[in-house]
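In the two complexes that follow, chain A is the common piece, with chain B as its partner first and chain C second.
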Partner chain A sequence: FLRRKAASYELPRCYFRQPNEKIESNFIHVGRRNPFARHRRDNHLGFQGLLSILRKLKSTPDQEVRILLLGLDNGGKTTLLKQLASEDISHITPTQGFNIKSVQSQGFKLNVWDIGGQRKIRPYWRNYFENTDVLIYVIDSADRKRFEETGQELAELLDEEKLSGVPVLIFANKQDLLTAAPAAEIAEGLNLHTIRDRVWQIQSCSALTGEGVQDGMNWVCKSVNAKKK
Partner chain B sequence: MAIEKYRLKLITEKYSGTQCWHVFHLRTRSPVLGSHGYSLLVWRGGEMKLKRFLLRYYPPGIILEYVKGGEIRTKSIDLLDLTPETDTEELLAEIRKSEPLVTWSRAEQVRQLLRTLQDKLRQHVERSFPLFKVLQAHVLPLTNVAFNKSGSSFITGSYDRTCKIWDTASGEELQSLEGHRNVVYAIAFNNPYGDKVATGSFDKTCKLWSVETGKCFHTFWGHMAEIVCLAFNPQSTLVATGSMDTLAKLWDVQTGEEVATLSGHSAEIISLAFNTAGDRLVTGSFDRTVSLWDVPTGSCVHTLIGHRGEISSVQFNWDCSLIVTGSMDRTCRVWDAPAGKCVFTFSDHEDEVLDVCFDCTGQLIATASADGTARVYSAATNQCIAKLQGHEGEISKVCFNPQGSRVLTASVDKTARLWDVRSGECVQVLGGHTDEIFSCAFNYEGDAIITGSKDNTCRIWR
Partner chain C sequence: MLAFIWQYFYTSFLRYWFKWVLRHVTGRCELQRICAGYAQGAERTARAEYSLKSSKSELLRSSVDVEENAVESRVAKIIHVKNVKEQKDPAFKKNLQVCLQQITGYKHLFVSVEELRNDVFDSEKEEHESMLLKLWELLMPSVKLESRITKQWGDIGFQGEDPKTDFRGMGMLGLTNLVFFSENYTEEARQVLSHANHPKLGYSYAIVGINLTEMAYSLLKSGELKPHFYNSVAGKPEMKHFHQVYCYLAYEFDKFWIEEEPESIMEFNIYREKFHDKIKKCLLDPEITLILTVDSKNEPVATS
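Right after this comes the complex of A and B.
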């Protein structure tokens, strides 16, 4: 079953890189600590009730950006979210549903939706696709056994009609682990260079230390700027 | 009586809306009095004969079932300001004065009924609500919860695209209503009947289900965006849906067809409510306005303008005279429904007002705010009766118990709290949820509570 899926995903977007094209431009190397730490969460109480969810659901005004954070379970999505919101990351449990945080950056209000990645709840990811401005896909770079699985999930997301043309940032997370695969290797393994229907970026990072997170978010703001103008 | 001596003036009877003749003396022009000193009325269409009394506990009322012209009819005497302390003799005299059907021979019966209603208001007042059951209800967060009228079962909506019907006594799952293709957000029983459930989803459709079989009767197609609020009319013949597409729609429960589209708002509709009579619908929108619609014609009667922020919640009071609205502008407003004018603005909250409600009689108003407090106001005097302080995060839902003696609040601080309306003291913290509580509800008796949370569970407290 998995193999059949894998085969089908390569067909529609099977472009090949031009010989003179530089794929290096799609790589950012691990950078400084995350500046989002300076920004307070816009919601002073740190939570959002049901009504706030509806407000964030509606098509966002120009200065608001809806970001969807997806990836397999244990990829570090919630840690990344909490790192963005400068919250304590020492007690994070598997996400059974979703978490939402808003952070200010470069004149934008980023509404980040972190959706649980366990297999049984992955079919519900599409609940959250509407009005997405940027997709961030988080990969555990040290979990080589699941590279194929994560690649398939990503490919299915990129095939989704509601996410068509949405810029995608891939975080090659957990670079603080010695066994982590470098971003270039992951990009190669996932055939990222075959993506032609949208702008994309792969960014190595560590949600735990915060390294690389800022650079990734800078790219997000840049691509949103380009899209919203 | 020899009719040529009297002049008859046609009047409309106060409670039932039926017409009758008020009898005046032709020469003196004074009203003719009947045997007990009350004005003499001659009912159109012949004699009215009282068959029996029916009781309505919340809001307190006595329903008169009578025969007129061979037809069985009912009318209700609403006793909205009845309290356990009310002098029953005084009230009885008042009722006899205004209601010719309550004759001297029926007085004792009515006295008993009044006492029963007062007992009901005293019931469950000091009650606490220990945790009865934790239901691993859904695989994703819950959205809303609701009881049927008898309280025997309740429903939960969820991000997992299902709505489930639960048995309150056992905590057993009775039905799982599956078919929506996105979040089930708004849910309702067709109370008082309780044989149907309506679900509104982010998949832009609304579905009508059989409670007994779990089968889907109808799918209402037509909205262009997420459905976020819905309600049955009190007669249970219509469903109203409100959507992020700025429209509200009315649907026929029997045929499943669209009856009317209520267009006029320029932004998302976020809350709606029918009045008790079912002839008016009020909608609140992110466009900062509230609209009042005539249900039979689908036309807009009034647009209530005044809030400076998005509307979060709207509701009618029991006698359909007032509308209460909450807004992100940190205020709550009370409007005169027939006139469409704002009669009062409460601006005590320091942050957005996220939910508002009347108690079942319409005497009290409760507001819940993002500032972490809730407040109780008197609808008659517009005085703040209590400030409910204690939550450590925004309060997203607020409701009264049917007796009007307690307020229940649900908060993002993972607790629900029960408050005494008079003292404003927290009488119980309903703790244990591991994530935000999105919704809470009392049953009609006022002896059970359910809370629905983002932690995917539902808790029964009784």
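Right after this comes the complex of A and C.
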């Protein structure tokens, strides 16, 4: 009986509150004390918003960086790519074709293209040269038998017209292996000091453990910045 | 949001009330109803697995993880705990046993597959080396390998002069799959190899095979292969059943690749993804089995 009485008391109150407009305006007032201030702020936001959109439109193309990851097969390109993207590196398979990943780093959107290194598909490398901002060349520092082959491929890349002036980072990879040659030795063997037409850097690293990878990428971002200025 | 609340409400209360009502109306427990209501296969086993996993009883929940030789005694314990009258439902014991063998067998299969994958190809091991040479002989019976390190490996789709670096993250699992396909489906394997060596539509046979091993492995790991194994093996799945899934993928991928006519080998990963999605979609069908069957026209077909 009591409950029914309470209900009949509640009903008319609810009825008064019904009209939708009122409830809506109540909601808007919550959290915004002065409705006029709200208007002012909106105008302000509109102008600023437009400016920031314009600025973004202008600056977005500058922030995308196209990075080409090349090197012989079994150099560690895919492992490096996955390491950059913080992905699992425990079941990598040989790359047939290519992989691409986008990584955010230091205000850049790095679009990294990892192209298979097998001899059979090296002729396709040139299809990916256009608009490259930085070339990363990966070397298996422990595979001394193929230093000559890797040197030749690198020399051919540096002669490519479409890659002229493109900064090149050479990763002396697999430094976690005992038999790995030190970066200095590789630099000498590849005659890197004769490169005059572009900035270059050799960085020892282990794509497996991640050591040295970030240092290399810092150089990449630095050289992109320098190029853009 | 509503669906979420419903889900929560259903799994934590409603399901038990339904089960309790049904139990008293039919006089049979949920596992009995599942075994009687569905034919042997993925539907029955998947439902039994869900029922066991969401049970309130510790004994039932842990049943999905028992060792192979403990399955029988575990079934007896479940029958006792659930107070099942065996004479009233004589088929139940055997049916539940098969379900449990399938559920636990799947997990054990993954453990063995993982072990084989972690076994890195090692040239020092004679067993590994002889397996690699066997692969050559099976695929190229008329050509003699000039030496162990040779460019000839490229003819069966390895990247360089020494295949050992190509096994990488798949280890001996990749090689074992390649050999199993060539040994048990020799005709088909050579046919696929001849397609792979096509001057325009070609691809690297062995490398693609290792990539497909990775696909089979990840499907197994995620549990997506459960319907296939529950439908095709009435009991504990063995390693050879996993190799057979690989054979199916290798054969079907080749067909898919030729049908799609990609522009070049550089498109491989795009078509690999497409194929992966296609297989995943197939696996949603509760009656699926991914079995390579060769009919009279020498044309394997997927039965589903």
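Operating definition for what follows: the second predicted complex is superposed on the first by the 169 of 229 C-alpha atoms of A that agree within 3 Å, B and C clash if a C-alpha of one lies under 4 Å from a C-alpha of the other, contacts with A are read in each partner's own complex, and residues count from 1 in each chain.
To be clear about the criterion, contacts are C-beta pairs under 8 Å (C-beta built on N, C-alpha and C of every residue); 3 or more make two chains touch, one makes a residue touch a chain.
All values reported here derive from a predicted model rather than from experimental measurement.
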item: Touched partner set for A:Arg119, first chain B, second chain C, both or neither; value: second
item: First (chain B), second (chain C), both or neither touched by A:Gly49; value: first
item: First (chain B), second (chain C), both or neither touched by A:Asn191; value: neither
item: First, second, both or neither for A:Asn127, with chain B first and chain C second; value: both
item: Contacts of A:Gln96 with chain B and chain C, given as first, second, both or neither; value: both
item: Chain B and chain C contact sites that coincide on chain A, given as residue numbers; value: 96-98, 120-121, 124, 127
item: Interfacial residue positions of chain A with respect to chain B in the complex; value: 45-51, 54-55, 57-58, 96-98, 116, 120-121, 124, 126-127, 130
item: Chain A residues within the chain C interface of the complex; value: 73-74, 90-94, 96-99, 117-121, 124, 127
item: Complex contact set, residues of chain C against chain A; value: 117, 154, 159-160, 165-166, 168-170, 174, 203-204, 207-208, 210-211, 213-214, 217-218, 264-270, 272
item: Contact set on chain B toward chain A in their complex; value: 139-141, 143-144, 159-161, 182-183, 202, 226, 228, 244, 267-268, 270, 286, 310, 312, 354-355, 370, 372, 393-394, 396, 412-413, 435-436, 438-439, 454-456
